[in-house]
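Two complexes follow with chain A in common, the first pairing it with chain B and the second with chain C.
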Partner chain A sequence: MTTLRVQARGYGAILGAGWRTALAYRGALMLTALTTALSLAVQLSVWNAVYDGRSGIQGYDATTMTTYLLAGNLLAVLLSNQIDDTLSGDIYRGDHVVGLLRPIGFLGSHAAVALPYLAVRLTLVVLPLLGFALVFVPLATPTVAGFTWFAVSAVLATTLGILLNLLVGLAGFITTSTWGLRYLKGTVVAFCSGQLVPLELMPAAVRGVMEWLPFAAMVNTPVRLLLGRLEGLAALHAVGVQLLWVGLGLLVCVFAWRGALKRGEVSGG
Partner chain B sequence: MRRYLSLSLLLTGVGLRRILAYRSDFFVGIGAFALRVVMHALLLGVIYQYVSDIAGWTFDEALLLLGVAMLVRGLDHAFTDQLWELGRKLVQRGELVRYLVRPVHPLFSLLSERFCYPEGIGEVLAGLAVIFYAAGGLELDLGAGRIVLFGLLLLVGALVFAAVKLLLAALAFWTTTSLQVMTAVYEVADTARYPLDVFPVPIRVVLTSVIPFALTGFVPADYLLHGAGVLTWLAPVIAGVLTALALLAWSRGVRRFEAVGP
Partner chain C sequence: MIEAHELSKVFKVRKMRPGLWGAVRGLVSADVEEVRALDGVSFSVPAGERTAYLGVNGAGKSTTIKALAGVLTPTSGHCRVAGRDPRADRYAHARTIGVVFGHRTQLWWDLPVEESFRILARLHDMSKEDAALNRKLFDEVLDLGEIAHRPVRTLSLGQRMRAEVAAALFHNPRVLLLDEPTIGLDLLLKEAVHELVNRVVADRGTTVLLTSHDVADITAICERVVVVDSGRDVYTGDLDDLLRQAPTRTVRLDYSGDISPESLVSHVRHYIGLVQVEIVGRRRIKVEGPPDLATPQAVLNAVSGLVTVTDLVAPEPTLGEVLRALYVRTAEPARGAR
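On to the complex of A and B.
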């Protein structure tokens, strides 16, 4: 019971500190919102030109495509949580040793920091942009079922984002510097998640590969659920696959952490 | 001047050895970079599967624009990559002081830590490869004068990239860290590799004057394909003003910077 109370107090303190840290850079976040809006406007203009004089591409009309890109880009804002950077930074400097002395789990504490960080990004970037788009941009209206599926799926997608970043951070035990790996992750997630273009528009062979990768579950799945392109059993199946990836991600993180503890070396003290 | 040149050579060697200390991560980064080139070309291919031209630009022309944008970004990347560290942590942790106490110009001192960065050189080579590939399907009018002016526009583009990066990184002197803004702005650069004619007027204004990424791809590519326009002659002026602003922000920032103890 005492252990539980210590853990709860520890995580509570981490959540509070994370919230204050994330809010400390709110000016930078507001600029991020502006540039995200610009990036989105650029993408929408390109697709607008593509749709000039045609009614649909692979079942996406111009309004559905706009909705897809908006939802995809806003979801991607929540996939960035910086814990790969902080975790690998701890490992690089040997600071993880201090983390091990704390009464709460080292990986858990890093994952917990992501929650207030994401809450601040949701409040200062995603919601204002969504509000603006709802007023000024013609969007497809999702059904209640579509929106409910999306809500569940978006939570699983952000969880996958956290797990992926934990894994990339842990790779610091092998590579020490993780710059290249983080660059690789950024590239793969941007292109393979369906953030920039719906995977249905990709050539069949490429699409086949991408749909088997976990990254599709981070943007393509939730947004297709929102648009009602996956319904009933197909929706259940898609969310089931997401759950599988989350479970697998958790397992891999636990095993990677155990392996890392055996491998990690810290000099000095 | 000679001192700076010999220092540059020496520090390039030191920088390369530092990168190779983390060999596996370095090779992963190179692989990721190659993948990014393929993915960008693929994305363009996916879009052009459904249209024959976008705002009058064919696939080969758009591919040429992509190559030019990569080359320009590579030129900047190869020499100013350390600015990311300025925005990320050097001000936040007070580590910038290390660069201010050396007997050379502080900006040179900072940038010299990553001179001739291999990823940047790789980006230049990949950009050149994409340009040559795209040019194979185009009938370009290539006189000596045109090639020289095209080369100058590439340098102007690289200067724009460097100035935007310096301006955003220097923001950290006031906001403690500016990495998030830098990342977000660079994402705009990635998505802005399309003909300017595609965009509505407000976005064109932003991309030519506020964050003038049009100068880093569209303007040189448009010149090579269609000859000189107003933007060809305006580009050096815009780049000059932006560079002056960035240098001003840097020197003001350095003056207000306070180190954090011994």
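On to the complex of A and C.
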């Protein structure tokens, strides 16, 4: 019990440090808000052109599509948590040894740092952009059930984002630089998660593959739940699949970390 | 308190081929080279003792410290710190040890120094009283007050190192591992670090293992020495005993008298034998040779009746000289074996 209390106190300390660190880079947050807004504006213009004269595509009318893109892009802001960057950078320089010298879980402390980082992004990037969109952009209104499913699903999607970034960061133990891998991850997640195009609009064969990948659980699933396109048992099934991916992600992270510890090498003197 | 038994560590290092073409070839095939950083190092440090762990660059000092800190897995052999395998219970081990890696920071880069100490106090589950007591001590010795409110990333190397040493000692560890703890510090700050370590060690009985290229760190903090060379331990013993192992001693003599310097040199050389004698100034000679021959008494006897001695100096051999001789001595058998 005492050990648990001490561990909780330790994670609390790390969370506190994460808050202050996340707030230290206000300029970067403003830039994120700006690039997200610009990206959204470009995507909405493209889809506006696609919808010219059409009432809907595969059951998505213009308003639903706008809502999908807005929710998807804002969720994507929360999938980026910088763990991959900081973790792989630490491994590259050998600075991860400092984390190992603390009486607290190494991966857990990295994940703990991500939470305040995400909270700050939610407060200073996502909510202002959402507020702006609610006032100036016509959006579909979700049902209470849809919003509730979305809230649960978004938490799981964000957890998956943390786990994926931990794994990419841990790849630093194998490859010297993870820049390429991180770039690839960004592109794959944007496309395969349905952030740019709903998976339902993709050709059946492509969609079939995408739906078997964990990325779909990061944007496509929560946003479809928000829009009421998955209800009842289908919603339960979708969230269940998300939970499975989270469990699998946790296992893979733990094994990857144990492997890295066993390898136990440190760059630099 | 610290035990290392036949520790060895082999790193696999990818060899980089020179030039652009070499880099392109490296994309398809890579040569991997094995580097033996530790080759069966054994030593022990009793509780409360302060030991210097010395060696030239690449001798395996930092690798040993990392193995003892539990952040690196030895290829073979084992070590125990405070009765515990460093990798068996990482959290308990982390509470037992304090570590300074001179070129890495354990402080939070974007946060003020005092915030880092607050976090460390919570991480190590320190009572408010203990944390306040240590803060007061570190403020007093290392003058941390002036940098307390500045983010770590804005500190100079010297300022950061002060905070790093304080951070390593903050949770009252039983074992302190110091890897180049005074790198980048000026003379006064080095002395402050020595004072802090010595005060804490004296008050709390902390066991210290120090690696440093700075002889002042070693002589100011440590009483025992372990010397490693090419991944193996080549000397373990008291620092004073090591200093006595100097292969040569020097005696400098100032004199007055009518004898020509050349005649005096010749006479002293002939009288003592097997020593080098040279003129190093006006009416000043230097006698250098084996410690049992080049003694002040032997020099005095040699010049007795020839000159009036105005000054006689026999400086203690420096640790640097002794280590240099030790490295040369241990390298010779290795060369002979080849």
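Methods note: the second predicted complex is superposed on the first by the 266 of 269 C-alpha atoms of A that agree within 3 Å, B and C clash if a C-alpha of one lies under 4 Å from a C-alpha of the other, contacts with A are read in each partner's own complex, and residues count from 1 in each chain.
In this text, a residue touches a chain if its C-beta (ideal position, glycine included) is under 8 Å from a C-beta of that chain, and two chains touch if they have at least 3 such contacts.
The structure presented is a predicted model; accordingly, all values stated were derived computationally and were not measured.
After overlaying the two complexes on the shared chain, residue contacts for A:Val252 are found with neither chain B nor chain C. When the two structures are aligned on the shared chain, A:Val137 is found in touch with neither chain B nor chain C.
Of the two partner chains placed by superposition, only chain B is touched by A:Trp179; chain C is not.
In the superposition on chain A, A:Ser45 makes contact with chain B only, not with chain C. By the touch criterion defined above, A:Leu100 reaches chain C but does not reach chain B. Legend: residue contacts after superposition of the two complexes on their common chain; A:Ala17 is shown touching chain C, with no touch to chain B.
More residues of chain A lie in contact with B than with the other chain of the pair chain B and chain C. When the two complexes are overlaid on their common chain A, residue A:Thr32 makes contact with chain B while staying clear of chain C. Overlap of the chain B and chain C contact sets on chain A: residues 24-25. Residues 11, 62, 66, 69-73, 87, 90-92, 94-95, 97, 99, 101, 103-106, 108-111, 115, 118-119, 122-125, 151 of chain C are the ones that touch chain A when the two sit in their complex. Contacts from chain A toward chain C in the complex involve residues 3, 6-7, 9-10, 12-14, 16-17, 20-21, 24-25, 94-95, 97-98, 100-104, 261-266, 268-269. Of all residues in chain B, those touching chain A in their complex are 22, 24-33, 35-36, 39, 42-43, 46-47, 49-51, 54-55, 171, 175-178, 180-181, 183-185, 187-188, 191-192, 194, 198-200, 203, 206-207, 211. Across the interface of their complex, chain B is touched by residues 24-25, 27-29, 31-32, 35-36, 38-39, 41-43, 45-46, 48-50, 54, 57, 174-181, 183-184, 187-188, 190-191, 196-197, 201-203, 206 of chain A.
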